[in-house]
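Shared chain: chain A. Partners: chain B in the first complex, chain C in the second.
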Partner chain A sequence: MNTILLQVVNPNVNVTSILPEVIVAVAGTLVMIYDCFAPKQKIVTGAISLVGLILATIALFALWSGSYDFANAWNGMVAFDNLRVSFTLVMLFVSAMTILISTVWTEREDVPIGEYHSLLLFATVGMMFMASGNDMVILFLGLETLSLSTYVMAGLRKSDLKSNESALKYFILGSFASAFLLYGMALIYGATASTNITEIAAKIGTANFPALLLAGGAMLLIGFGFKIATVPFHVWTPDVYEGAPTPVTAFMAAGPKAAGFASFLRVFVLGFPVVAGATATNYLHGSWVSALALMAMLTMIVGNVAAILQNNVKRMLAYSSIAHAGYALVGFVGAGVAKTSEARDGAINAVAFYLLTYAVTNLGAFAVVTLLGEKNDRRTEFEDYNGIGFKAPVLSFTLSLFMLSFLGLPLTAGFIGKILVFGPAIQSGEPLLTVMVVVAVICTAISAYYYLRLIVVMFFKERLTEWTEPKIPITLATVLIITVIGVFGLGLFSDRVLSIFKTSPTATKAQLK
Partner chain B sequence: MEPNLATYLGLSGILFTIGAVGVIYKRNAIGMFMCIELMLNAVNLTFVAFARYYGDVTGQLFVFMVMAVAACEAAIGLGIFISFFRNKISVDVDDASILKN
Partner chain C sequence: MNYITENLLTILILLPVFGAISVLGHSMFWKNESQAKWITLFWVVVNFVISLLLFGSSQLSANGFYFEKNVPWIEAINTNYHVGVDGLSFWLVILTTFIMPIAIISTWGAVEKRHTAFYVFLLLLESAMIGVFVSLDLLVFYLFFEASLVPMFFLIGIWGGANRIYSAVKFFIYTALGSLLMLVAIIALYYIYAAKMGTAGTFDYVLLVNAAKLGNLDLVGTTGTLLFFAFALAFSIKVPLFPVHTWLPDAHTDAPTAGSVILAAVLLKMGTYGLMRFNFTLFPEASREFAPIFITLAVIGIIYGALVAMVQTDVKRLVAYSSVSHMGFVILGMFSFTEQGMQGALYQMLNHGVSTGALFLLVGFIYERRHTRAISDFGGLANSMPLYATLFVFTAMSSVGLPFLNGFVGEFLIMLGMWKSHALTITSSVNWNYVATMFAGTGVIFAAVYLLWMIQRVFFGKITNAKNKGLSDLSWREIGLLAPLLFLMVYMGVYPTPFLNKAKETVVSIQQRVVGGEKGGSFEKAEVKTENQLKH
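Moving on, here comes the complex of A and B:
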């Protein structure tokens, strides 16, 4: 009791440890204030947001390579490890690219641009706290900051029925899932008397109420499963992704998914480890590993098979994002069964790398879909892509490249990403996990159908209506250049990126000492 | 009978179940949202019960956070419902049916 009182009176405030988050939050606030005084502006808030995100990235790298002792920062509520820094990098990248992609949309339609940019930055802060929180309170607050901002972003096209419906469904199902997540947190707190992940991991072997531990784990699984869109908790995904404005969909498919994985990994892999001699805890570990393995298989099968049946490109990409969450879960399960902490960190890095490759490919693909979508995203059916291949060579060749990367063609980012996430699961040698990898490979083969279909439609179908190539604005060209370089760069030089991911902040500290 | 930890946990479990069933059963968006609030309050009860049981303030602090978030959720949720109502003159979720396979 006394230690708790002391902590409340004398908290360890260490702003340096959350500098990237603080920078993005300040940028978001600045954007909001600026928007009050100059509501008609077009580029200023975007520029402030981009500068904020770039500064936050610099701060992140400074933290990553510097020597700091953050062990007790915020009384252990903030983590400082590979998991945090690598996922934060993915989120900052997604956010910056989304701002560039949105320029097409904000110019075409009368979007309240300042509001949009501040919401996007606040969503980013929420995501970053989901990666950096080492306490369930922080994870929950980060998740809600992210979710509340994205609910509004999905419904930003106020007079469009699709957008309204998307926001309504996302809001109701999202808060429903949050309630489950929260109940899980309460039960875990009840079993271990702590909300800190490190303390939970330490106390879980001697938990007071083992039954509560299992119930809490199941509730958390449901809550996180909703957030990262895994089958059977995926029903909201296609509707929400189709109805939301395309740049927002691009953001939702890449950013919040990465953030959800970051929290999910932290709570389950780091918070619920195997404890020698503790039957209930090991039962919990065994059950979540098998539950996630089953969920991964279902997610891959349902996501890929349903994607085949779609006639709308945004909907197809929504199912594809479900399928990709399944592939990432394969790496997650691999991290769960890892015997040593090196193997575990390696698997976590593989998941982060996979989500980075997915984010790069996804943002590039959605950039093209945004440009071709025209006002209110009218042109997003497959037939709207008929025969545009040689009329708009830049757009169609880049889009084809992204489809091939989604599919996992060698030399592209998607291929290396898949190899890396499947690796740890195969190495474990457990039958269930081997079956899971086999399913993953078969599903990859199935996915060829719908990814290649888009390429076939673009290059080999006759276009019956009049169509002129849209002009590619400079911001979108930037996104396309960065993502194309990213697809090849991550595919060819993956070891360099991975070695950056592997550089653990604490290991650097040890070297310097 | 003196109320003990199990009583509170049982009550919060019942409240949470009522809320969850309500969300699935109700068709009115505002009714669904009220059921979600009921679920959140069931969670709060769990937190407070455990905080009291362990003599630990963390659970009570968590409840403050949940309440603050629930208030934000209400503000945003009602905003979304109103923008839907403006276009559809209804807050029935069955009317939200344009996006389908």
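Moving on, here comes the complex of A and C:
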């Protein structure tokens, strides 16, 4: 009792441990203040945002390779492990790329640029806390910070009815999911008397009311399932993604999804482990693993089959993002059934790596789609891509490359990502999981149809109407260069990134000592 | 020179990639696409010449491969860039580098648009094909296997015939589905190795086979069966084995001539090569157990392909269906599990590459002149194009299997092997191996029927269509293109020994592995052995 009281009175405030988050938050505030006095300075606000994100990345690396003792930072509310670092890296990358991609769109349309940039940064802060929070309260705060920012971002194109619809839909359904999530957290707290993930994992074997665990787990599953858009909680995705401005869609498909996965993994894989002899806990573990395996299969099937039927490229990419959440879930389930902690961490890294490959590919694809979309995203139907292949060879070939990476073809990032997430599930040897992987590869073959369709319309069809290649602005060219290098680099020389993901901060610390 | 021989296979894989970059660079800076074909030709000829160094001596590595190279690639998943050739892959690599210059020259005047991209894709395709035959790491093998799809997809899709989009997508999805299941099996092997050996997992073929030979991997029962079929499906689609052959006629018909030639000569061989290399050595038990299925499907494929070829109205489609029939023979020979049958299968792979490649070239020549391939549009071509008719008949004879031409040797060996085989049950009243051989034998007769009937309708009789009157006979380029193939048809038909000798050692070792006996054993021996083991 005494120690708890002491902690409350004298909390372990350690700003260094959340330095990256703080930097991004400060950058966001700076942008907001600057915008008040000198509105619409997109170069300045954009630069501040980018610098903030880059500094945060540097801080992340510095923290991670230095020797710090963060065991009790914020009384254990902040985590300092692989999961945080690898996912945060993905999120910072996504945000920085989004800012670059947005330049085309903000130039074309009248966008309140200061608000946009600060919202994006606050969303990033929220995402980062979703990866770094080791307490369900922090996770929820992060999630809400993220969600509120993205609700607004989805509706930024104020005069467009579709954008408004998108924002409202996202808001209503998102709040509903947040309520589920919060209720689930409350029930877990009821069962274990703690909101700290590490403590929950320690106490879960001797929970007060085992039934609460199950109900709470189910609620959390629904809440997180909504946030990462898994079937059957995916229905909002296509409408929201189609209606939102294209760069925002790119952001939502890659960033918040990675953040959702980070929290989801932390709560379920690290918080609800198998405890020898505890029937109720193991029942919870068994049921969430099989529930997620089923959800993964459904997600892949529905996402891929629905994507085939789309005639709009943005909508196709929305469904494809649902399908990719399914593939990442395969790795998630693999992490859930891992027998050793190394295997578990390996699987978590695999999911993070998969989301990184997806983010790289996705942002590259959306960069091209944004550029070709013209004002108000008028040109996003498949027909609009007819025969542009040799008229705009650079754009078309890079877009084709991204499609092949989505498909998981060798030499691209997507291939290594797929191998890594399928591995742990195959390793377990359980029939359900093997079936899940087989479903995953069959779905991949199905997905060839719609990914190739874009290549087909671009290269194999003839253009009948007049069309001139749009100029590629320097920011977008940067994005394309980075993502193309990323796709090949992660496909051919993934060793480096994988070893970064693999080296845990504590291990680095031990080496230094 | 030393450096070249040490890294020979890597050079063979990378040279076309450099070629592709140079073609791309050339047309970007000089804005002149007409020279793309010359640059491409230069690179593929250089690659062919370098590939001849394979004939030179090299240290036989401890793993039984020549020109072996093994360097780490992605250490996190313990995969290595491991390449090497042996008797099985040797001729296939040579066939690839040999057929490429011919394919390139065949397109000399035929490409009407996007020259640069066309030749870039051809060069990338060559690189992927060589990679498939030499990789000894399952993941690297898979990588090349899949990578070969993309250039072919574009070749069919952009420069193909009327139905090109449908054919290209069908080709891609069919092959991708099979190979993705193989990917699952490859990852499963990795973890099985890790679990059974208590070390890190591996994708290395040599390590896996060695462990499997010692019985350490326990690849029998359900696991073995599932893995066997995951591999076999991928390869069967590629071969293509009846009933998963339907992508082939479409892809062949709509591909440009160079694409068809490469598809027939090399891409199909990836399937038969894979079956022999991976299925037979990793899963011999399952291979023996399910041989009857494959033999049955092969025989059905031989007869079905021939019968369907007979009723085709399009010459190219006819040749495509004849491929289904011929590749059925290859499967039949392999699954006879006799030395003759397997040698014959390997030989027939080369034969099919030469003969069918030549047939597609010949069809391409007439298509360039008349822009049609319908049999009914022709008739009496022998009057206007006597040389063309002669060479066409000659090539068709090689495809049918006339003695002293290459097809005969392969088919004879396959049937001999199947006749002696114990792969199917032998009861006191019926030896099913005989039955299978006899049914397969009808395929040869059917082949004569459909090819000769087509030749009769196309070349003989009076010229009925006025457009066929003024056709020019073969040019020197076209003759030069066919000459090496015609020479090989005769040479391989008269003196097959050097080809067979080169492959013998590897084929025998694979055969011994798959039948499970010590010395070129047979099924009876393997079964006797297990009975003896039971007694102990």
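Criterion: the second predicted complex is superposed on the first by the 509 of 513 C-alpha atoms of A that agree within 3 Å, B and C clash if a C-alpha of one lies under 4 Å from a C-alpha of the other, contacts with A are read in each partner's own complex, and residues count from 1 in each chain.
Quick note on the criterion: contacts are C-beta pairs under 8 Å (C-beta built on N, C-alpha and C of every residue); 3 or more make two chains touch, one makes a residue touch a chain.
These numbers come from a predicted model, not from an experiment.
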item	value
Contacts of A:435 with chain B and chain C, given as first, second, both or neither	neither
First, second, both or neither for A:62, with chain B first and chain C second	neither
Partner chain in contact with A:171 - chain B first, chain C second, else both or neither	first
First (chain B), second (chain C), both or neither touched by A:242	first
First, second, both or neither for A:477, with chain B first and chain C second	neither
When both partners are placed on the shared chain, which of chain B and chain C touches more of chain A	B
Partner chain(s) touched by A:162 [first = chain B, second = chain C, both, neither]	first
First, second, both or neither for A:15, with chain B first and chain C second	neither
Contact residues of chain A, present in both the chain B and the chain C interface	none
Partner chain B, residues of chain A touching it in the complex	1, 4, 8, 136-137, 140-141, 144, 148, 151-152, 155, 158-159, 161-162, 164-169, 171-172, 175-176, 179-180, 182-183, 185-187, 189-190, 193-195, 238-239, 242-243, 306, 309-310
Chain C contact footprint on chain A (complex, rising order)	390, 404, 407, 409-411, 415-416, 418-420, 422-423, 426-427, 429, 437-438, 441-442, 444-445, 448-449, 452-453, 455-456, 459-461, 494-495, 498-499, 502
Chain B - residues contacting chain A, complex	9, 16, 19-20, 23, 29, 32-33, 36, 39-40, 42-43, 46-47, 49-50, 53-59, 61-62, 65-66, 69, 72-73, 76-77, 79-81, 83-84, 86-88, 93, 96-101
For the chain C and chain A complex, residues of the former touching the latter	73-77, 114, 117, 139, 142-144, 146-147, 149-150, 153-154, 157-158, 164-165, 168-169, 172-173, 176-177, 180-181, 183-184, 187-188, 190-191, 194-195
